[in-house]
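Next up: the structures, one after another.
First chain A sits with chain B, and in the next complex the same chain sits with chain C.
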Partner chain A sequence: MTRAVNISAINKSTTPVSDDLSVEAGTSLWADAWRRLLKNKLAVVGLVYLVFVASVAALAPFLTVFSYEEMDLILGAVPPNDTHWLGTDDLGRDMLTRIIYGSRVSLMVGILATSVSVAIGVLYGAVSGYVGGRVDNLMMRFLEVLYALPFTILVIIVMVVLGRSIYNLFIALGAIQWMVMARIVRGQVVSIKKMEYIEAARASGVRPLAIIWRHVIPNTLGPVIVFATLTVPAVILEEAFLSFLGLGVQPPMSSWGTLISDGVSAMQAEMPWLIVYPCLTLMTTLLALNFFGDGLRDALDPKSSKD
Partner chain B sequence: MSEALLQVKDLKTYFYTRAGVVKAVDGISFDLMPGKTLGIVGESGSGKSVTMMSLLGLIPQPPGKIVGGTAFFDGVDLLTLSEKEKRLIRGKRISMIFQDPMTSLNPYLKVATQLTEVLFEHERITSKEARKRAIEALEQVGIPEAANRIDHYPHQFSGGMRQRVMIAMALIAKPQILIADEPTTALDVTVQAQILELLKSLQKDLGMSLIIITHDLGVVAGISDEVLVMYAGKLVERGSADDIFYRTHHPYTQGLLKSIPRIDNDASELYSIPGLPPDPSKLPAGCPFEPRCSVSKDVCAQVGAVPVQSISANHESVCYRPEGGA
Partner chain C sequence: MYRYALRRIFGMVPVLLAVATITFFIMRLAPGGPFDTDRQLPAEVLKNINARYHLDEPLYMQYFRYMGSLLKGDLGPSFRYASHSVNDIISETWAVSASLGVAGLLYALFLGVSSGVLAASKPNSLRDYIPMTISLLGICLPSFVIGPLFILLFGIILNWFNVSGWEHPSDIVLPAISLGTMYAAYVSRLTRGGVLDVVKQDYIRTAKAKGLKGSTIMLRHTLKGGLLPVVSFLGPATAGILVGSFVVETIFNIPGLGRFFVQSALNRDYTLVMGMVLLFATLLLVLNLIVDLIYALLDPRVSYD
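For the complex of A and B:
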């Protein structure tokens, strides 16, 4: 059987770690950041692992032998064995298959909802902080009002307005998560806009939007990236909660969140493989994400380069 | 006499704070001739920088407000322009360099990006052409290997080199007026001299006018055609550099000159003007310098504007003391 994923092939495809230490400049902030990122071993490991998980998710139909939805009630729950590497759940569905299919939803929700929250949060926070004064006050109070509303109600409202689909779930989650991001960015911007290089840019006649885009936002990237890597696990777990309420992923489709919440009840039935493997997958992915996020933050700071 | 390039009359910029009205700039007037250098001297908080910020429209409003005055630059009053019109002048026709080169460059952007940004903002120009101009500007301010260095980040430059980059940034659009706000304060002495030399030679080459703001009389002495001494937002004394240094009239200017440490002076204690600058929201009713003045008389504390004395053709002093001192 060829269900095995060829890990070594993926590893080989990554760029070798660069040992080019010259100060000679690259072409852009991003090219430089990439060069520095490749020097950070943990970040590269994290990136490779994430690429691996993402490829498996993308290629799920070709890599799995069993169906994620077909039940085998006669088989029932069996512990890991030669045929079902990670065992089966109480309905006789192969756990590995369900985890792989679950990664599609979970990664999507992680990436899309976080992107939505970063996009809204950075823009809102940057404008609020940069403009300042009454506008800032108004924007922040509005945010606090939203913040005070219960999370579930907000998601339900968004889902009702947009219609119920898995993609709207991503948007709804992002539309909730941006609030903390906006506050973090605003705080950063308030201190950044007092820097002399902002004054210098203003004194050379640069347009306000260009100042926000080119001078303010890049300087907030560090905390934004760190917080974004924390947002990913948060939205993955929130998706599980919403799915449990029937607002998110519907059975028989699975996500890591739903698998874990199903697994919790299976603990009492002494079927630990139902919770251990989804948790392990989630954990390793989040760990890889944090390594990568950390490396990215360091790489994006031109001063952090050791050369 | 040729026409002044910049003519500031009775400029007043006040800040409305909870502690009261701060008259940061209170009735400053000066003329800037084409190709000449004006030095503005004063202690911290005397309103030097606020004067310049007012001209460029960089005063945060509120709390700041330009209450009165005019500032004619090339026939237009800078103070009445819209934000957009001011933006087109900033960096293109009047540009400014700041005190601290360590924080005046964005650490996230390459020098090339920051230099060309000014050009893209003011001219229709291809990126190739902009880059060429940026390299030229860096060469002009004496940065070696400019073509290479242009792709470096600010932290890869020393303080003096960064100030050169700042000057290049200010000059790249070929402005008519360059305002240098304490350009050498954050630099060490040898570098200070280099930067001043550079400013002087660039001014000659480009034929622009220069306004140099400083609290260092030594800087002013070497470079200025005309000197303005400010105290608590008001003009104190005005004249040529020679007038200010050799025919000093105002007690405050005298105090400033006396407090320059001299290498040939063995005195164990350095001279300083007694007292502190007044709280800008509670200025004395009469002459603002009266409480610290060593030669003050009763009349000085009286309510009302202090008369402007004409010492010679271009030398004025705002003091009750008769000409020649008493």
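For the complex of A and C:
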């Protein structure tokens, strides 16, 4: 009798646990993270704003009335009014139109160059940090050679030798950004690989690449995402820096970068709207990116409690 | 540790040689030369100039000639600034750029770390949101935007500072802030992130359980681990400040090294470009070594021996 009671007690105590387990298995890391992200108001606002900016950029030809390249020298620079909501530049081109078209270039450069840099940087840093020893030394030495080439000369040379085009621009920017990412990931991995769970995986015979992919990289995701959200604006800003030096997107195309550098040169001529609106667009987009990135970071951190 | 540092210092030599070689050949790959001008020079003159700078020799000869004098510490004559050697140009201007860069970096570190710690000490409160919002704005303020805005506000409207030149000690303030603000913002975010990661660790709980004061825990335990991402970021930050000096020195009309760089690459002033690349490369290599050593000092889990 006592034995039977005991067995039923054991059954009772195991059943709810296994139920819980099946529920746990149903919510993946990503579904869970998404749920937490939606609870973060700033992140949602950021996401909505980014979706808005991206769709305006995608639908630009259907939304704009004026041409971004046709000049109207008789009109010249006019302050914001009912026809030209954000005014016109000194060549009589509608600023709103140019900002919207500029957002296509800036967003594309930002996203593509960042993806390139994240993919290369994470893999390179993770392999280098995890394998360690001579391979690590060699990979880091190679990185140092690249690293020691100051970025501007690299880009200037790429732009001069290959020609100034938007594709060369994001190859050049992506090719530079991954090095920073690789170093940060490597720094993380050097600490992570000494954790017990890595040892456990190695002891149970998991192949090194599988360990890197399944155990090391997911645990570097926090810093990677934080740094990637810092990379998108950084890339957009670097594009602007190159435009400032005359090495970026070529006219009549515009990006937020060229618009700002045009605005800077127009500042003395008392045309503040030429600098204020591109700056505002850039800053609000970057703010949204950062809010979203921060929210994503909090949502993805496996160590934070499940509310 | 010392052996590691020594090994790294010796390891820099091949790296620098590789950098010199890559830069030499890539620069020569780019179309155009240092003596291309709008008006056509007479063939005789061009021939004389080319002979004087050994540009008429085969490329590999020029390469070995350059590397030979480089090993003796001679960076060669500038192609564009006649009668100036690259050594002269660098020794006349490096101090100005260095003081500007160091001032910008110190400003960025001080502001960034203190505001990051402030934010992380009470996450998701006003004390977190205010510095983080300011740092978000800071990330959107590269030197070429903040510089002209500073000139307009503090130079022209308020008339607090001299906006051009390098004579008075206060001339360093606006350029250094222009240069450092973006990096202060990055450092602040990295500090906050790093500290928040460390705060969850067991050893911080232990420190709390021991009854240590909050400020003691922060300074003695949390910051040590929390600053690791910032230390990693020092290398890129220095590189960025270096590059930023190209623009800032031009905007504020400062007689430093940075403003030569872009112009000399566009001018195909091969020797000046090479000299500056090698200088920057040495600087970054030494700094990366220092960063790695600091990393080992701060994180007992990392060892190099």
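Methods note: the second predicted complex is superposed on the first by the 263 of 307 C-alpha atoms of A that agree within 3 Å, B and C clash if a C-alpha of one lies under 4 Å from a C-alpha of the other, contacts with A are read in each partner's own complex, and residues count from 1 in each chain.
Throughout what follows, a contact is a pair of C-beta atoms (placed from the backbone, for glycine too) under 8 Å apart; a residue touches a chain by one contact, two chains touch by 3 or more.
In this text, all values refer to a predicted model and were calculated from it rather than measured experimentally.
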item	value
Which superposed partner A:187 touches (first chain B, second chain C, both, neither)	second
Touching partner for A:290 - first (chain B), second (chain C), both, neither	second
Partner chain in contact with A:141 - chain B first, chain C second, else both or neither	second
Partner chain(s) touched by A:196 [first = chain B, second = chain C, both, neither]	first
Contacts of A:204 with chain B and chain C, given as first, second, both or neither	first
First (chain B), second (chain C), both or neither touched by A:214	first
Which partner reaches more residues of chain A (counting touched residues only), chain B or chain C	C
Residues of chain A contacting chain B in one complex and chain C in the other	303
Residues of chain A defined as touching chain C within the complex	141, 144-145, 147-153, 156-157, 160-161, 180, 183-184, 187, 190-191, 194, 222-223, 226, 230, 233, 237, 240-241, 244-245, 260-261, 264, 267, 279, 282-283, 286-287, 290, 297, 303
Of chain C, residues touching chain A in the complex	11, 15-16, 18-19, 22-23, 26-27, 29-31, 136-137, 139-140, 142, 144-145, 148, 152, 182, 186, 189-190, 193, 197, 200, 228-229, 232-233, 235-236, 239, 242-243, 246-247, 261-262, 265-266, 273, 276-277, 280-281, 284-285, 288, 295, 299, 301-302
Contacting residues of chain B [partner chain A, same complex]	56, 58, 62, 87-92, 95-100, 103-110, 113-114, 117-118, 121-122, 148, 151-153, 155-156, 166, 169-170, 173
Chain B-facing residues of chain A, complex	23-26, 29, 133, 195-197, 199-207, 210, 214-215, 218-219, 221, 300-303
